[in-house]
């Protein structure tokens, strides 16, 4: 670790000042020679073309960057200092195409392949949940990964609107079918909301996915649920995806498909803190949709959870280069 | 049940699209021959003339309709599918008079009498809490009904401003005095907030009303409180009124008289879910005031709870026609 | 004209009450026998898949419906009463596919063809500006129509993102190329904003399109500009498209690509009032994006201009059936 | 003039600080001996019971008070210093009854009679436009006054909802019928918006009221229109009522019945500045509805115009005591 | 107690009406002879010059006054009626200097000294947290007081920006160093958020300050934590400071440095209710920043907690005069 | 000119994507070797310590950066392409001290001196208006510059709060007194609003400053006023300062001290376009205060005007490097 990869010092430049990069980190783009020193790359994927409901998540990365400049350096409980453990940088955004789904999924996949070639662990900020599919296509294409998914929705549907296969309601069905995720090492936490039918749940459970509804999480407690989740994924390579809509709309109004009755912010923090020590190969935070939250509270919660995810990643054996 | 009374299919028409009726149901007005097939009628009562504080609940039905188009068909826990159990329709709004309280109370009463003549169970959306009085005047005029009231305020005051008897602070005093509600089969849950005096509580308890403050609900838990509530009303005909201000303002800011320290959305869901199996003859959701919540979060919570109420109603023996 | 096609009477049902249809008109869907009596159909096209910038116009039709319930029956200057001149109805929304551009363009085209088969003149509410292309494909497929376009942008670009041909920046290039619009009978009014390059302008002018920048409109005055516009389109069949972003963001903040320095609301009214007496075959209002204007001011302006467009349509010889 | 009636000094107490009274003036209630020294009384009338559309104007006086603390002491053009010409004070609010129209109209009337007995000129802040009726009942009960009305609506309708005579759409019909206003000395400026019918205009013009639509004002210019208005009322006692909805919603979104195409703020200032030198006996500013403008821009415009009205009043011969 | 110090009666003047003073109490300024009868003075300190992050708390007192007019007279649990136990008044605001920190700290100190000379107990509303330092300088200058601090941040840092000693991150370090607070009788509750370093905690604990993080509070429960807090301060003179940012941003978004994962409003109420019976010599509520919460929810929570603090103060032996 | 200093291409990376720098330009900090090639530096000065009214302008640079990513490359009227005429870069923010005025003024001065040493022309974004003083101290310290000031306020007061000399109401008095601005080559345009007194105007005019009120600008027209302004400053070195509050609050609500009756956005554009061809040595845009405009409309207008200023600067002989 060197000064190079530390956030801008708030005693030199107040946190509300300066160009907003993720957590005030150095912006390192692909042409920058420093990129080969990066261990963990914060990456924006500003795209919501898979959204079947309220759009706006394409604006997520920028608002999360803005909010994330309020993050300081050390975790208050674990005292982990991720920027001292790993070289972390803001890699900018993937150059998406707002007018085409297939083209964009290719662009995301290639950006991720590029990181993979450099052994950089991705910590992505969406964008809608379909981006996770493109990320997993890269991370799991040689060997399926485990998956911990915090979410209000299973995103396990087969298709929308008479056969459209790639939307933000289908990414994990696709990822399982195409072999990027091992469904027996997959757990979903926080599922709730009224249902069209139960196709997603029946299919998921038939594949071995463990689906934990919010009511079960409430009854057993966060600690019990996360103990099970850790057991499910074990110490094999695992990806984490955090859909902000797993949190209650009172805490996270800025999202496309809110569902009442979600986790509180304290519960969300506790959920993510239980990831410490797992063998994580990447993570993302998705579905922050700024147009539905002009105060930025959702982005601030998102940035806070992004730091929690970063702390977990920075302790994973897979995220250290070389 | 036929296709006629099912919501518009979201795979055909996205949920953000189409004219906003309650839960995307068919609009059946009184002149429509289909009205005689309706079991449960969703009814807007857009009126806030009884409001002594911040007005705006007159705009409630329209914003709840908008939000309710996000509701799907099946309850996630009980798997109840209300639209398959009963014929449900949007009956439009009662034609209120914003310039006169007495005239409006008559208009609501007559609209409800018309439903009653057709054996349609009302599930109303206010409007301020005074509308419940007019509804109860119809439902309870032959035989007083039991009442479960979720609310921050007792609404049991005698009068306001030197003798004005009909305001949103007095409906249940009037309903008891005039014999539409049996106070010994009446329970109020969630009461809180600073007090002018205790006239409402003393009078209510003297009549036999069971008043459960939020602190008691917190201490005993939702399950314990609802077990008692169910015992109080028993299996006789019972009405349910849900004032959105029983929920904390963080979850439901859009209301006229918010009180801090209320229920969370998860607790609110759990409260209503305990109504399953009661002999319900009607219900309402009141005091959603859109001008104080431009994001619509309150309406979305209201719509979600409206679906919970509908699930309970759809299982009540009283709501099936013929 | 009969009572059937008149708006709900505000003395019977206050304007804030009732289910929100366009201008409180009867909802007539395609299966309704009344559809064959409709002269002018108000039609929602809730889709923003062509948006390369800020999305949200898919929510436009619903918010415009809500605002439009404030519209009364008679034009204050001309005293035109459109609902007495023509049978006007709300035809609901086109069932779009938020996950696919090509599929949606087909769906819109077929919905318009269906109206055309019934000799119903469309007055559409978008949606982003790409919807106009699909409408023109129907209206102009036998004989190219003239076009009056109120807009901040020419929407005459060739493609976006390396060859994507169908976005909200390209509809009129496509419509001209495919022969639906006669470029020599086409005029654009209100163009402004910084430029990537001048390909759009050079191409458009080479085709014969008359492009009137906002500065020219300001200098010559609304009356002069519209006199020229009327001369350009003449008395042949003409379509009108009103992109709300031609208005200044102070008056219309809720749009995807605002440009400062636009028309005032008074100028916008005056522009549209000059359409009276033209041979109009349809019109649309596009790019109202509610997430960027929670107060609904943009939708209210949009609804007011929609009524102005309707008054012009109701006097066109082409809009009377049979 | 003494220090007693000067605003709090901004060099001693910043303008954002301190209890918010109108223009930082002393609060003088009826029991205060100072009341007999007051020439002009700023009076809140926080009531919207006559509103047939969107309520909320009851919250107007408080938000206008808040905004008005930004007003300084001297008019920038005329250099009039009203607080040096007259003793001006904040008289607090009329104690209205939100649950009853008739009772409230009596309360307002009696409050105004009390001021009249003390020769205090009222400058009132509403509240909806029906309050002007109650004020005029006092000021015009012995001798009808002239009236200059800035408004988008005539408020000259006969009744609403089958015969209800007292709403915010009827005050000036009532005031003329009951003899408080001389219709031949009455002028309305800024009228616009779609129409139900023309009963109001026909009746008004038949009585002699001069109705100047916004289009006429635009064409002739503010100066021309106001010259005519001054001639109409002459130097006899005249009342001025300013409905904030005469201004365009871009400048004044916080009102109950906005109409697009209104005056700009510059035009509004110019309109009021033309009142200088008239024989004014009172004025009001009405229909500021804070719930529809959380930023307070409407209240700030209202406060700025209130100061303009005050400057005009402070130069009227009728407003100096004894 | 006399009528003089009771809030305006809501049956005479609705709560939304009237000039907004704290809890509708009489405004008593220093020149008013009534000041010598005041026991507890509500005092605004509208200043945020010590804010190193997002400013705006200078607007806090006015918005809290507005919200506080909704407070009624009696505590719902304890049935304490503070206005009957003590003479309480609104003393207006301290005349701060927004352009200078040192000058303002002096002004606050002198205002507090003036109250002290009159044996008036201060209940202050900020303003940023640096105001507490100036208040403690007066209250603790002869004998250090105990301190209960509800807060997300310790505010125990030494300096900011290379040596600036007086900011809202340093007040309690200064107060301890200068001898106004006894660190062994000091407890902080609710601390959380990411950390720059742990200088504040190490220093605080070395002085004897008891720092209770939110996680500990959650685990042990509010009752356990407050039992310890009461033991720490004992029955010696104690000051209470409530920083609204100890509450979660979902409940209190309007603050300068929000931290996710905070107390709920119910927990906040319970925390303050445990103060009953302590020997309190003053209290404050700080960091309500209205620009970040246009709906006023934070101010309403703040006003509700202010009433809780007042109930505790009104029962303290130190707050009764003479 | 090279590709190095061109904005990111919107066909490669959509404008809503990517890290937000001013106009999507390269971020070049002082340690970057590229800095010596920069002709014009966009510089944030995120500070509002001089604000005596509503704070928040410290957040201006970041929100303007965000909005400015919507700016394209070419001016629509003049067809000037500033990025092709000069090397333009985003230099980041000046590291201000929110807790001290004097320290911050020094920091700004030194940052500007550093640019001056490199012959970089500053185009700054505030911050409150006091920042202009610190900029002028550098630019005018050897030879006083001319000044064109677009503003609602003269900012020519002597002091605030009993002698405080450096606030946002005093910068140009100080700049004249200290010899950085030549008052006979200084013009102020757009002045309006109520007045405490006329000390500022009397003093300014006695020094030779030409003060043009908004009413004069309206009467004579923008073209006439700007012709005079150009004559006043001549072809000697001139600085331009644009206070966003010269624009009407309907167009620019996000500012600390709004005054109604300001310029429209079209007028503002026209004002700045008249600067073309002057000998400009720097410019700034100040007083954008995001907390008062969560929609970002003010920042978008600010960014649009910033581009106009940049176009003028890019044609000035003084802005081309050696």
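Letters A, B, C, D, E and F mark the chains in the order given here, with residues in each chain numbered from 1 onward.
Methods note: contacts are C-beta pairs under 8 Å (C-beta built on N, C-alpha and C of every residue); 3 or more make two chains touch, one makes a residue touch a chain.
Treat the numbers as computed from the prediction; the structure is a model and nothing was measured.
Here the chain-to-chain distance from chain A to chain E, counted in touching steps, is 1.
At the interface between chain C and chain D, under half of the residue numbers appear on both sides, which makes the contact a different-residue one. Here the repeat of C-F among D-E, A-C or A-E is A-E, since over half of its contact pairs match by residue number. The distance from the centre of chain B to the centre of chain F, with each centre set as the mean of the Cα atoms, comes to 56 Å. Centre-to-centre separation between chain B and chain C, using Cα means, comes to 40 Å. Looking at chain F, residues 14, 16, 52-54, 58-59, 97-98, 160-161, 248, 250, 264, 292, 294-295 sit in touch with two or more other chains. Screening every pair of chains for touch gives A-B, A-C, A-E, A-F, B-C, B-D, B-E, C-D, C-F, D-E, D-F, E-F. Interface residues of chain E facing chain A in the complex, by the touch rule stated above, are 52-54, 160-162, 192-198, 213-215, 218, 248-250, 253, 257-262, 264, 292-293. Per the touch definition, chain C reaches chain D in the complex via residues 10-11, 14-16, 70-77, 79, 248, 250-251, 264-266, 269, 295, 297, 300-301, 304, 307.
By the touch criterion stated above, chain F contacts chain A in their complex at residues 12-14, 16-21, 27, 44, 46, 58-59, 61-62, 65-66, 90, 92-93, 95-98, 294-295. On the chain F side of its complex with chain E, the touching residues are 48-56, 58-59, 97-101, 103, 160-161, 164, 166-167, 291-292, 294.
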